[in-house]
């Protein structure tokens, strides 16, 4: 009986091998035969509720939902352009915003887009209070003036056009669909107005979109019928998939391989400035980093060129303060620290540490190779100043928890990335450097009332006098750079890989790693 | 034959082991430096959102109260929700568990299908070339870092030869054109039930590389274990009796001897099976096979304890029942064994 | 004179081990007549079991038959291929062992084991095989054969297990039964029953039996003829009565002295000094000389050959002392 | 009492003779001797790494970005890594953490598992039941999961990784030793000692433990290999040693990303893991064959 069993399983294994050997896999040909766009991503899509989503769901949501206003790609004349709203006005005091809605738009459940739907969408997001709902904090009241006119009354002046273009928390959805609740969304349903509808979703594995025939923009020959998001954690596999044509789009491949892929005629490499940057907060509440001279010394001790050229392979630029290159509010005229160990030694000596002689802990996200390598080269450099740097990988939550628990005993350098919820310098400056009673994201515990006042004032002007606001933001950054509450490491570039037969791709850093499939043709 | 009181006693003990495991996990979950509330609220929370999350998660209550709340929900079949994704864990498990089971069972069948005959032959022809080769394969299999082997497989079978896919459970196109009805969650079985052979074939070719990679360690163990039990059993007098009665060697090895020798092999396979439920993490990641391993690794890396506890419980249940099944099976195979 | 059923000529078996080559059997000669019960006696390690296994060509690894012929029904078994041997084993020559418990496969029922052997050698259906097995058991005087056949070996007594073994051995109608210490592990009353059973079988079915034992008492009770084995050689052979009444070889004498006899109850048992040689060292001369009180220079240098002890010519012994001193 | 002493002496003599025989037999086992040589070579390589490589500072972690990802060459036989460090130097230094993780895990696991197993087997009853249920709990707990939990609880460090693996490992020894003890308990010399009134701890220490050490040793040798594998797997998912300390698992993990373009980075440390694990397994087999050809890996 067991002999037989053994033989049977052996046979099955053999058969499997034979079958496998005889069928080469024809993924490429098949993928092109269907009118399918395959986006291979590196991590899961956790949340599909449009009131809650706040991470890489954005690549899905932007194809399914639409906001009132879109933020434009860099190089455009205006910052924003019409989405579901065709035009908008703001009162002189910046306290009342009126949006005029597009006509003839329907949600995927067939109900029409109305001012009431907009009001209910945003109110649901605010009431749920999750995800990026805080972007609506300035809003006191939403009124449906008529069927296609919405009025927002604010409690303090704020740039509601920018807020409405947020990549998170600004979606307009069918209030009827929303009544089904969060779980319903997460089962693979949606209530958007966008060109595609969610067809199915397998948690942690894939998500499939299908064309919404009644999309207000209409459909033309050659646009994609189906969009598939596949989750493939392994960069090696993603690379193999884009090379083999099993993927039409992917990202986050080893920087060392960019050139090889660029040489591949089947793959188109798109490189552009992102709105994400890497910083290392200095713990300004803990000696010796409470001394500005030490912080400046440490800023001079960072080998920026090595970081940019050797670690990042040139696919990043050294930061000028916290607002990333290419974004409004950024200025290339702002000063930068350069790698200058002599200057660092002088400053350390002034501060009373001529031979270094202290230890620092650098915490970073477990498994993040860039943060790790950034630490490794810093470690070697600081060793020359007699400073010992310990690299401590931690989960984000643990790292954060440590920083929030007790500043006096927290890590010395907290390394993290920042990207904007909606595109304003205030997002960077307020969150990371505005003083806080209890630390939240000001993880260097920087406290400077002058700075606070300056950026608050700039924010209030953003909706009405953007030029003045930008000046104030730049002025505030100058202050920061002088005080050196953080290492301003680099502004990252995004590197996207597309099959070269895909046309129409325009990267937009305001919506991180998003591909607007509606715009594409094969 | 197994007795009922034995079964009941074992079940009660199993429940105690399960409770013990939940207590340990639960305790670990509260001493590990993490911030479940922060995890709950997502990337850019406000202070308000955090304190609300603490209430929702019951973190403001004393530890025993939290534990009792958890256990009583569990008894009603509620594993709770993931702190990180807010998804009901039960729903997640329904996707991930079958994926992992399909992979692990395939791997175990490969280990059994190749390892058992090889081990029997090696034991039967101890000291010969067959034996030497089998032992070499076995020791190489147990020494092989699977993640490394997976890389080599990828490079050879996908990048160079283009024979086998390396990612996921189905190709994209097949997935789109062949909607699959989830009956068991095992693609091979579901597609066979539906009579969709194209889907079946696609699922099969996707299964081959990960299953073979995962099977290596179990394969090595199976060969070694079967071989040494066979060597031992073949020295028994009753084998000489069988030979003296003129029975063919094949039957002696694969039936007379194997029935005596198979229990240790099944035991290691059973334990490998349980181990692989979460131990397949690396293989799951490398082959984008989204199963229990990936699920729990992500949970562990984010310190998402409800998920960790739930998976631990599932795995413990498997462990307990597989042990029970093994004992039972041994009693069926060997009438001398009495349970109790 | 009838042809012998089995004739072993000049059989040598060697075991090659790490420690050296063990000479287990060194030129054994013997003949077994049809219907005869032939005793092969010796201490443990003398090569008697290996001789028995050699007949079936089942010498365990790393042993090998290096020389000799084994004639069975006019054919030399040693020249037969393994496949032909398998036809002979169980069908024509069967074997039973000392410990019936370990000789039966513990995980199959008795019935399964018997019917399997029957079906191996006869083209019969399962049912027929089952009935035939039951018949054999019944023939062996086993009460309730159906119940026994449905039992696992461990559920039976030692005597019953040995009967089952005999049933397996004889179920296919073998002409020769090799019984390797068939009663050693059993208690006295059961021993007697089994011996009686074997004897009855021999008479009723005409089966020849090679009785391998260390127990001269068993030989005395059952065997027609006997051969005494020492260090892989036959040192004395002949009709049982002759050998036991008038042992010619000092070793046989020693064995007999070690036997508890009713007549010598008061006398303490006289064991042979020393022990059976390991078989690795080659002993020059008579293999028994290191333990022999009577050994002289000749014994130490020249190996004795089998010579007739008395006028009948049937009783032979390999000892230089034969004919010298009065025996 | 004297007979008793004599017995002990005789048994010790017998054991000594047995060891001599084992020594002889072992030397005849070519594979086992070769494995021992491989292990010693790796160990020496790890210990004398600073003198064996021209780039000791790179072995310890100093970046050398100007030579980033040089393919294998006479200067860098194994090439260089993502920070330009000599991969050979990193592999030599990596042996320090990998080998000591393997060794220490097994030592800790044996130290916890053996006495517990002896207690369970010797006393039986509720002691046995209790110890075995605790063992069950630890066995039921997914091993990598427990290890990961501990590592993330106590932070990534060499010691924690080691501790974490050891905690998932000891129950195997408890089971093994318990099974051995159960049969030893019934043997004459133990019964005799008990009859003589020898105290229980003495019996366990003098008569039980020495006699279970052979199977434990055999098991432990093979397990060093598996422990190295587990350690490597932990490093692979980023829970092993802290950078810039070299570790084979961590190197494969980082190097994996570059496997298509710069295969040497992951290949050599992977090979090192494979070779050392293989050597320990073969050595374990060799010891097993020599110590007792009948012994088999006891699982139950």
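Every chain is named by a letter (A, B, C and D) in the order it is written, and numbering of its residues begins at 1.
Everything that follows uses one rule, which is that contacts are C-beta pairs under 8 Å (C-beta built on N, C-alpha and C of every residue); 3 or more make two chains touch, one makes a residue touch a chain.
Here the structure is a predicted model, which means the values were calculated and not measured.
Among the other chains, C has the CA centre that is most remote from the centre of subunit B.
Among the chains in view, B has its Cα centre nearest the centre of the complete protein Cα set. Simply put, of B-D and A-D, more C-beta pairs touch at B-D.
As a whole-number value, the distance joining the C-alpha centres of subunit B and subunit D reads 24 Å. With centres defined as mean CA coordinates, subunit D is found 44 Å away from subunit A. Subunit C has its Cα centroid 53 Å from the Cα centroid of subunit B.
Per-chain Cα centroids separate subunit A from subunit C by 88 Å. Shown for subunit A are the residues in touch with two or more other chains, namely 234, 236, 240, 366-367, 395, 398. Subunit C has no residue in contact with two or more other chains. Of all residues in subunit D, those that touch two or more other chains are 152, 237-238, 256, 259-260. Every pair of chains meeting the touch criterion is listed here: A-B, A-D, B-C, B-D. Touching subunit B in their complex are the following residues of subunit A: 1-3, 6-13, 16-17, 19-21, 23-25, 27, 30-31, 33-34, 36, 38, 44, 46-47, 52, 54-55, 129-132, 134, 182-183, 186, 202-206, 208, 226, 228, 230-234, 236-237, 240-241, 244, 246, 366-367, 395-398, 400-402, 404, 421, 431, 438, 440-441. Those residues of subunit B that touch subunit C in the complex are listed here as 126-127, 236-238, 240-248, 256, 259-260, 333-336.
On the side of subunit B, the complex with subunit A involves touching residues 32-36, 38-39, 41-49, 52, 84-88, 91-92, 95-96, 109-110, 112-114, 116-117, 120, 151, 154, 158-159, 162-169, 171-177, 201, 204-205, 207-208, 250-251, 253-255, 258-259, 262, 285-288, 290, 294-295, 298, 301-303. Contact residues of subunit A toward subunit D in the complex are 234-236, 239-240, 254, 256-257, 260, 306, 310-311, 366-367, 369, 372-373, 375-377, 379-380, 390-395, 398.
Those residues of subunit D whose C-beta lies close enough to touch subunit B in the complex are 133-134, 136-137, 139-145, 148-150, 152-153, 225-226, 229, 232-233, 236-238, 249, 252-253, 256, 259-260, 263, 266, 270, 273-274, 277-278, 280-282, 285, 294, 296-297, 299-300.
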